[in-house]
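Same chain, two partners: chain A is paired with chain B first, then with chain C.
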Partner chain A sequence: MKLTIERTALLKSLGHVQSVVERRNTLAILSNVLLTAGPEGLSLNATDMDLEIVETAPAEVVGEGATTAPAHTLYDIVRKLPDGAQVELSFEPEDGQLTLRSGRSRFALAALPAGEFPAMSSGAYGHTFSLAAGELRSLIDRTRFAISTEETRYYLNGIFLHAADNGGVAVLRAVATDGHRLARVEMPLPEGAAGMPSVIVPRKAVAELRKLIDEADDDITVSLSESRIRFAFGSATLTSKLIDGTFPDYERVIPTDNDKLLEADCKLLHQAVDRVSAISSEKSRAIKVSLEKGSLTLSASSPEAGSAVEEIEAGYEGPPLEIGFNSRYLLDILQQVDGDAARFAIADNASPTVVQDVADQTAVYVLMPMRV
Partner chain B sequence: MEPSTRRWFPGSNRAASGFTLAAMPSLCRDCLHHDATPFPDACPRCGGRRLVAHDELETLSIAHVDCDSFYASVEKRDRPELADKPLIVGHAGGRGVATTACYIARRYGARSAMPMYKCLELCPHAVVLPPDMPKYRRVAEEIRAIFAAVTDCVEPVSVDEAYLDMAPEHRRGDAGAAVLLADVALRVEQEIGLTVSVGLGPNKFLAKLASDMNKPRGFTVIGQAEARSVLAPLPVERIHGVGRALAGRLTAQGWTTIGHLQALGEMELTLRHGKLGRRLYHYARGLDERRVTPVRPAKSVSKETTFRRDLHRLADLEAELAGLTDSLAGALARKEVAGLTVVLKLKTSGFRTLTRNRRLPEATRRAEVILAAARLLLARELADSPGDSYRLIGVGLADLCPAEQADPPDLFAPGGEGRP
Partner chain C sequence: MLRRLPATLVNQIAAGEVVERPASALKELVENALDAGATRIDATLAEAGRSLIAVLDDGRGMTPEEMELAVERHATSKLPDDDLLDIAFLGFRGEALPSIASVARLSLTSRPRDQAADSAWRLTVEGGEKRDLVPAAHPPGTRVEVRDLFFATPARLKFLKSNRAEQAAAIDALQRLGMAHPEVAFTLSDGQRRMVDLPALPPDLLADPASARLSRLTRVLGRDFADNALAVDAEREGVRLVGHIGLPTFTRSTAQAQYLFVNGRPVRDRLLTGAVRGAYQDVLAGHRHPVLALYVEIDPREVDVNVHPAKAEVRFRDPALVRGLIVGALRHTLAQAGVRTATTVSQQALGAVRPEGSAPLARAGQGGRQGWHGGWGTWSPAPPSAEAIAAGMASQAPAANGLADQGRLAGWELPPQGRDPANQSDPAPPPEPPGADHPLGVARGQVHDTYIVAETPDGLVIVDQHAAHERLVLERMSAALAESGVPRQALLIPEVVELDPAAAERLAARAEELADLGLVLEAFGPGTLIVRETPALLGETDVQGLIRDLADELAETDHTTALKQRLGDVCATLACHGSVRAGRRLSLTEMNALLRQMEATPRSGQCNHGRPTWVRLDKTDIERLFGRR
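Moving on to the complex of A and B:
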């Protein structure tokens, strides 16, 4: 195997695949990236056995072939090469080393045989549809903050992606929750997605996917089977196992008849919550919202830090009400609202509150109150 | 510098009486009679011989009060038939350690914290009783009530010992610190039926050292003036915070006694041992700035158990974990606290202790949440080091917070039920 590649192109592709590789691996081969030189250029492949990214970069291939080398080391080296450099990669099976040459630098890296590299079985994908990069980005960005990190509730450790029916309109929905807040975002169901299986995309796949989307302009092809999801970009493909679990029946925890409505300027409210929460206890982060006709008062207190109060104008016509929230969760949600105003639909201080962007009904956020 | 002469323990009944001629305040521990001048061999009022005399008796204000072989003494109090028998409190038959050995058992060499089997080797006819923690906690509360009657500044260290700040702004009544402390000791004997040892000094370190010097039923005073000479012959382990590891490092440098440390400069100790070195420098001179802090909130709550036989199967270890988690949840409920970090502790058959932590997204006090996190840590540890077997497992909760801040309402509460 022998090829020459521009440092910029190699760095970009390595950057995409290397973050899949775990820092600590019991299997040495999983620390490596599979490098395959072929007619298309250089293909890079990294996996943690649950998630795989394959990316092809343009390269001048002199001799075809394949090998594997430590992903983080390789990335580190390429990162430190000067901008605009040309990189030569070569591998001779007999010396078992990948040689990297650039300018006056020469590196010899311990290689492991390409044949040992675990391939994720491709299997058959029953459903395939296309999404604009912007659409997928919006589904992810407005839900991922609510993904649970509690490993014991593994079925909440991802985004639940499925086809649904909203008042007769077929939609593609992304839902994430950690039990304290929930985000449900939808878009018109893309062609070909009807009848797709409902799947839970793991958090790590979501994070890597999000990085790839940033550089994608074209449509993204999504392929689904019962156990896998694949996102195909121009030159990169991300394949992930799905979380094998049942996502809870989220619809029943989204209240539909909360009658106390509050409208507030989203930016002002965000800033005020941010300020007042500086006082709230590090462990509970509780903040109290007191509502009266036309106004909203935020307050927080902690035995160590003291207390804080801030009042802002708000559209509220209901009876006086006090309700507590985790300030961080409230901020997370307010951050998702792009429009000027957020609408809160509240039942009482113990039941879930619904938050929406007044100007955009495609996203619904649910927030569980706290005892304050 | 090798301290050549061993001194008597100062502050004890006969302390210092050998060389001080001037007025030395004295106190009779039996009738609380006291005077600014020394008593002869016996108390002029009651004839008692349990006397305390010390130059600084009227000015020292930090006390350490320690119950003598607390658990064993409580059991003997409640079972007079055991009064003259060696008694060990701990779990018989197991591989645990003796919680407390009574003073009779100690004559045979048995010690608190010594492995049970060893205690019984040394003292095979000892009576062994399992610990009755709820009872000991009740008795400890009664004793603390007596402490609270003499000062408003009590810092419990454990169930059977406490620091008392007897400075004038804290102590109650007109009597001096030493008189009040002697009164505390008498009241504990008369009202509770247990004996305590009292240490009085200028700070916590010396007070604790003093209470330890003449057990049981002691009353020992160490003043700032003689602190250096008292400390000099003692092994470095007697310094607060010097454990086996640090003692080993110090000994390797030839520093076995506190006297050796006294010969070293603050700079040298700090350079070699960092912040700890600074502390060593000050402690070696009997200086200690720590204050007596009345409420010392627990930093963590934990439960652990030593197995009869080493365990290595996940299922067996998990079963132990489940029982411990339940009792941990009970302790959390009693203390009305919750916590954010679950701590798993394991001791391998090779006596290697390891702890693994997991920070939860929300503080909890619920057994099932703690258990789930602990099981995850356990499974991971067993997968990482296959083939290891363990003699001890423990589970705890750290980063404590008030109970009401824990377990916020959940949309999908246990059983997948959301609120309507």
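Moving on to the complex of A and C:
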């Protein structure tokens, strides 16, 4: 195997795949990236057995072939090479080393045989549809903050992606919750997605996917099977196993008849919560919201730091009400609201509160109050 | 064929419950001697009690008629009013002697206390067969000899452990009785060697029950115990709790050295284990157990001792009251002792501090930077340092007198010639004389930017600044939490936890107590709990795991410390981040402020991990180091 590649192209592709590789592995081959030189150029493949990214970079291939080399080391080297450099990669099966040459630098890296590299079985994908990069980004961005990190409830450790029916309109929905708050975002169901299985995309795949989307501007092709999801970009493909579990029946916890409505300027509220929460104690982050006709008062107190109060104007017509929230959860949600105003639908201080963007009804956020 | 069992067999079955090993036979016999009003009890074991257990007392003794009756089943003198609810003696079942007699060769020799020398008689029973009474020679009192224990029940004999283990159990049994009865002298020997020797206490000591107890406990638990024990004395609703508990820095690796006595009766009760764990919860290093002996005095009608054949367990009519009393009294006592740490710690330290010969002194002279090497390694007093200390110890000396700038003992860190006059004029506060009202003394400086050295009227105190401050922060956080309540995060999707029905019921019964700690749950059908709110402090937590831990703990100890523990862990982590680090230089004002806070804070003698936050070197110890004493 022998090829020459632009440092920039190699760095970009390596950057995408290397983050899949775990820092510590019990299986040496999993620390490596599979390099395959073919007519298409150089293909790079990294996996942690659950998630795989394959990316092809343009390269001038002199001799075809394949090998594997330590992903993080390789990335580190390429990153430190000067901008605009040409990189020559060569591998002779006899010496078992990958040789990297660039300018006056020469590196020899321990290679492991390509044959040992675990390939994710491709299998058949029953459903394929495509959606715009921007649409997928919006689905992910507005839900991922609510993904649970508690490992024991593994079925919450991802985004629940499924087709649903919202008042007669077929939609593609992304839902995430950690048991304290929930985010539900939807978009019109893309063509070909009807009848797709409901799947849970793991957190790590979501994070890697999000990085790839940033550089994609074309449509993204999504393929689904019962156990796998694949996102195909122009030159890169991300394949991930799905979380094998049942996502809870989230619709039941989204209240529809909360009658106390509050409308507030999103930015002002965000800033006020941020300021007042400087006082609330480090771990519990409790903040109290007191509602009165036409205004909203935020307050927090801690025996150590003191207390804080801030009042802002808000549209509220209901009876006076006090409700506690985790300020971090509140900030997370307000951050997702792009429009000027957010609408809160509240029942009482022990039941879930629904938050929506006044101008955009595609996202629904549910927040459980805190008892302080 | 259905038939009534012969009396011997009945007794052997009873013996299976009462006498399971030599130690239990010894315990029964010694308890009889105590009930007979003995002031001195001498026990002898041969082959760990297999071939002989002999107990000699100077009690009231028995007449020949009483002896005949004593070996009959259910014959006792200890239930004068036939009232099982009002039990004033250790025994009452009338089972011990016949049970032992049915499985061994028993001989009783006794002379009633006030009768002539010719009124002593001996009665022998072999495997339940009574022999004739014969005249004997014996001082007033009774001698019971049990030979060849379990010869009549070979199966039991096979299940005995090694001689060493059986002997240890016998010693433990006798020591427990000894701790319960400091007014009686006890000895236990194996024919050659005295294994237990608890002499009678002088009458003047006996006049004060607390010091008599401590004296006896010290005899059993070792001299260290006296130096590290705190007296407990509390009363609630007619139940009195006295005794002595060890400091949290004086611990053992097992819970063996925890003794509970109820009305003078040694008992093992998981109530004690749980209550002790609860009381010591946040002052003890993990997996360490305090040493303590607690005496509960309670109206005999409020406690049922007739629940266990060997009476090793008792049942309180109101266990919550007793548990509350123990936890409350222990916590209160520990809090009072906030600024005491185990003397063993400072003794160990002192052991490591050895006066050095001339070599280190020479080195010190050259380098001038001698001081503490590797913590407690060696302490080589370099001449300049000594001077600096001396200057410091002359407590009225003003700051400029070579004492300290920026909380450093000058000369300890700086070479003497390198001392900058500018530094000396640094506005350090003038040191105040150490007063008696400040047990931790007055800060004199800081070494290695980690330890504060303070002077007290009678010694020297060294404080680990990080450990001490961490403790202060934690105490403050716990107090705040207790005052304002634990904030609870409601769950969007309530967590359903499946348990076995008994465990679920136990947890549901404590729902109110758990809600105070931020965990709201309710029963949801048999064996199922539904958790609606969790402590916000825990963030996103493993609810299932938490509930299971709590259920296990409730089953085992009747306590819910697991939740407090988790909250405590979070607080402790925060406290650790929020406290002064080792390596941070402190000014004298800051150091003194820390010392004063420690004095004012309960349980500040040990850090969150149970290590001491400070140690004291007495002036006499220092003098000894230098050969002045």
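Quick note on the criterion: the second predicted complex is superposed on the first by the 372 of 372 C-alpha atoms of A that agree within 3 Å, B and C clash if a C-alpha of one lies under 4 Å from a C-alpha of the other, contacts with A are read in each partner's own complex, and residues count from 1 in each chain.
Basically, a residue touches a chain if its C-beta (ideal position, glycine included) is under 8 Å from a C-beta of that chain, and two chains touch if they have at least 3 such contacts.
Worth saying up front: this structure is predicted, and the values here are computed from it rather than measured.
Enquirer: Aligned on chain A, chain B and chain C: do they clash or fit?
Expert: Chain B/chain C on chain A - steric clash.
Enquirer: Please work out whether A:278 is in contact with chain B alone, chain C alone, both, or neither, and reply first, second, both or neither.
Expert: neither
Enquirer: According to the stated criteria, A:326 is in contact with first (chain B), second (chain C), both, or neither; which is it?
Expert: both
Enquirer: Could you look at A:371 and tell me whether it touches chain B, chain C, both or neither (first, second, both, neither)?
Expert: In the superposition, A:371 contacts both chain B and chain C.
Enquirer: Thinking of the overlay built on chain A, is A:304 touched by chain B (first), by chain C (second), by both, or by neither?
Expert: second
Enquirer: Regarding the shared-chain residue A:169, is it in contact with chain B (first), chain C (second), both, or neither?
Expert: A:169 contacts neither chain B nor chain C.
Enquirer: Looking at the overlay, what does A:148 touch: chain B (first), chain C (second), both, or neither?
Expert: Both: A:148 reaches chain B and chain C.
Enquirer: After superposing on chain A, which of these stretches of chain C ends up overlapping chain B: 165-173, 309-317 or 417-425?
Expert: Here chain C runs into chain B along 165-173, and the other listed stretches stay clear.
Enquirer: Do chain B and chain C touch any of the same residues on chain A, and if so, which?
Expert: 148-152, 177-180, 182, 248, 253, 283-284, 286, 326, 350, 352, 366, 368-371
Enquirer: Applying the document's contact rule, which stretches of chain C touch chain A when the two form their complex?
Expert: Interface residues on chain C, with respect to chain A: 476-477, 479-480, 483-484, 487-493, 495, 533, 536-537, 539-542, 544-545, 570, 574, 578.
Enquirer: In the complex of these two chains, what residues of chain B are touching chain A?
Expert: So the residues of chain B in touch with chain A come to 340, 360-363, 369, 372-373, 376, 399, 401, 404-405, 408-413, 416, 418-420.
Enquirer: Considering the complex alone, what residue numbers of chain A touch chain C?
Expert: On the chain A side, the touching residues are 148-152, 177-182, 248, 250, 253, 282-286, 302-304, 324, 326, 350, 352, 366, 368-372.
Enquirer: Along chain A, where are the residues that touch chain B in the complex?
Expert: Per the stated touch rule, the residues are 148-152, 177-180, 182, 248-249, 252-253, 281, 283-284, 286, 326, 350-352, 366, 368-371.
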